[in-house]
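Pasting a structure here, questions to come.
Labels run A, B, C and D following the written order; every chain starts at residue 1.
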């Protein structure tokens, strides 16, 4: 993968944005490797993502950044300029079920995940050996009805300590306190084991079995205060039939869950996801 | 397609059912073209479907039927013995949108639908020309807030007059009265333009757009008194993105709706769907 | 759908193209509704598509076009500026099988196809009634081993007479002569009833059945001199099993064929497909 | 999972087979948990699979087996009666790429694979650590152009020593000698990284990239003497676009490969796959 800067922009829509941005990039000699735009006509909002070859910026990235800041002010842009050479740091939150954790650790180990897993924080000790094999620090932070505030304070302190950029709830099965949701807004990713908004909350496979649906699914979304209601990043489904028990649904669903989480997380790590209100723009390849 | 009898059974599960049924079929010389079983262990219920080559029943179908009736009583079976040479008669209920109606009429015209479309009943006159080209009687039965009881009485009378076996709500957009749901229990098939149980009720594509889902779907189900909550026969989805407007979702969804309805209806027409409680067993090929 | 101009560009890649194009559009007050870029790094080639709101070009489209022509020369661009208000004219070539023809005629009738069907040319008379209902001129041009050159000359004359922009082989089942492929390069679209490059040539469903594949598919591609080997626009598949006969594969395949053809054609009609060598760039939404 | 016996039958088709088999099972008190039939009308061949609850056979499995052997002779059946309590033993053959190996080891570790992995045999030492973590014996058997016969003799000896029932080529990248294919006919499973019969042989992702296909796939099949031409068990595909490089295709393909291999192997381990000629009957749930 080439060394690039990722320029992510969202702002009120108006004529000339693309031209101004493209001209500035060109003035700095920037080679655009990938470019995506989206206009939300209904809301009058504009979204843009560029990958600029790092080596092509003839005066360096700081000079570009300084010039861009002026442009951004003019167009009231929310923006980021991220360096692909500084991959985002990931804190994995887990419980007892290993499939999502194992999948992400494996992908990272194979250099197939464009981020860095810095720690595993789990409310059960079961998955310690797995984390160890991948040489990732494992922290056992049990959560009980009594110790919730302290437990989450401890977890949050660990996240700060590891300077994690993103928290991934890899089937963590605990509800984060509202304050933590607010503190890490847009930086906590969950995998829910249903095709949301169907089957919110507990035991979605049981709910799916009872309803007799012919497809089951999984949803990767940002966590907000409202349970299973945050902006959706990615979803997928798999066909099932009357012949499948709840156990079968769980087994088949695990493959969907881990794939959907890995895809959604990948999008986030590559700065392809722009949140606007309760929805996402995903500039996937 | 060979001329077959379709033997459909559901009953409390016990040892020996398969043997008794298979022995009786064999005694009558019956060639089994297709056979499916399902045991719902949780509910202790057994489901079975056989296709028996008509020409192979050496003493004729009445003799077989008489013998089978005794067996059925012994095992407390709910059962049907349907003749593939007597395809089910279909009454299509439509409104203004033509895609599901056009699709079913076309499939029938191409002898690709194992049933017979006997009439179209619509609450708007728009689709009359289309029905005419396929030489299917078209009845315009307007429904207003004032005339509901009379309108549905008229529609039901037409269904009786045409001796229709199944009513298909091909985007009919009207809610059938509870009595009619009860009278035709298990014989009214609807296509709902969402992946149920998500987005029940009106304007599901608007709901999907607002929620920002990454897949939209359609659900073919039997109609019951409770809106969009009957036993599901078939579902499917299609991928969408932030770039799609509500109009795009509608356009993409139309293809899913008509395909899902055609598949679900086909299963029903071939006696592949067994209803049990609020769920279905679908013995699809 | 808004009235837009579609600016389609492909050229050798170099720094500054995006900026120059965007600046020119901005100078003319152009509102960009949609924009897509692609760089083929391996071949050093650049591809771009813009949709520009027609009403936003303050000096009119001719002025923009004149200015753009200079830019295009400088960057050695192949380019088109197409008007969405002048939909492409489509000549449908058909044989006996109706599913693709019926599907496209229906979509056009429902104003769901962003083009204009101007005629049907068929080597069998069977589908005349269908074309008539949609009020599309039908021309019966039989093709025999003896009359091939004259038959295709007649067909080509009809295409010219109707000023068709694109020829769609809707299960036409005849091989176009090389000269015709050359004359209409990039403007003849075929649907092949297999997942190419598997099962080239005749009877692909029989080939698929014999090979025992677990998925069957269809491929929409541009026609070139080499049979079933032209640039692929769109493909899709459907799951099958040992229980399906060749007739079942044909039946299931028909749904895939018509969907894939409709999607591929739609991309072409909206100027979303850029051909480069034997491959396509498809800027789909 | 309940303790069951799996009765697998294939034989020339004739009237009464189902009845005879079902009667015998009933005479022994056998509870049928799952039953599947298939008749290949074209070839006049019949296939059947039963799962019989072990505890329900009132005279034990040997008595049933003895009685069944007589029936089998009468109908010229090829048959097996397999005990779910004796899971098949699996020898995994690997090379350098880990994704299929890691996936199968993980599933086995999670008790999600209905078989027992007894050893890994690899022609490169790279994956030893991974096998060790799962406590599976790892054997490094290098293969060079010079030592092929000895290397495969050594591998085959290991397979015998571990009494493996099935060999899985988990991206092994070596072609087995014809004698080994014959010795283990129907017991060597390969994953090929294309949607066969497209892109046989080496570098299928490069071939797919060059051809410009819009879907890539993977195929799980039994190995025969003819390269990539054995009976297909399972296939699947994933959508790709012009924006994907060969490296992207490899990355996306890895997920399809491991999923398809795991599904195909699962079918084999549960005795759901019946080979007939160069095709399979797969009685999947």
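Note that a residue touches a chain if its C-beta (ideal position, glycine included) is under 8 Å from a C-beta of that chain, and two chains touch if they have at least 3 such contacts.
Because the structure is predicted, anything quoted here is derived from the model rather than measured.
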Hey, which chain ends up farthest from chain D, C-alpha centres compared? C
Determine whether chain A and chain D, two copies of the same sequence, contact each other through the same residue numbers or different ones, counting it as same when over half of the numbers at the interface appear on both sides. same
Report, in whole Å, the distance between the mean C-alpha point of chain A and the mean C-alpha point of chain B. 41
Centre distance in Å when chain A and chain C are each reduced to the mean of their C-alpha atoms: 37
Junction residues of chain A, two or more chains touched: 34, 41, 241, 243
Taking chains as nodes and touches as edges, what kind of graph is this: line, ring, star, complete or other? complete
In the complex of these two chains, what residues of chain B are touching chain D? 15-16, 18-23, 25-27, 29-37, 39, 41, 56
Interface residues, chain C side, partner chain D - complex: 38, 40-42, 195-199, 211-215, 217, 231-237, 241-243, 245, 278-282, 284
Chain D-facing residues of chain A, complex: 34, 98-99, 102, 106, 110, 112, 133, 241, 243-244, 248, 251, 254-255, 259, 285
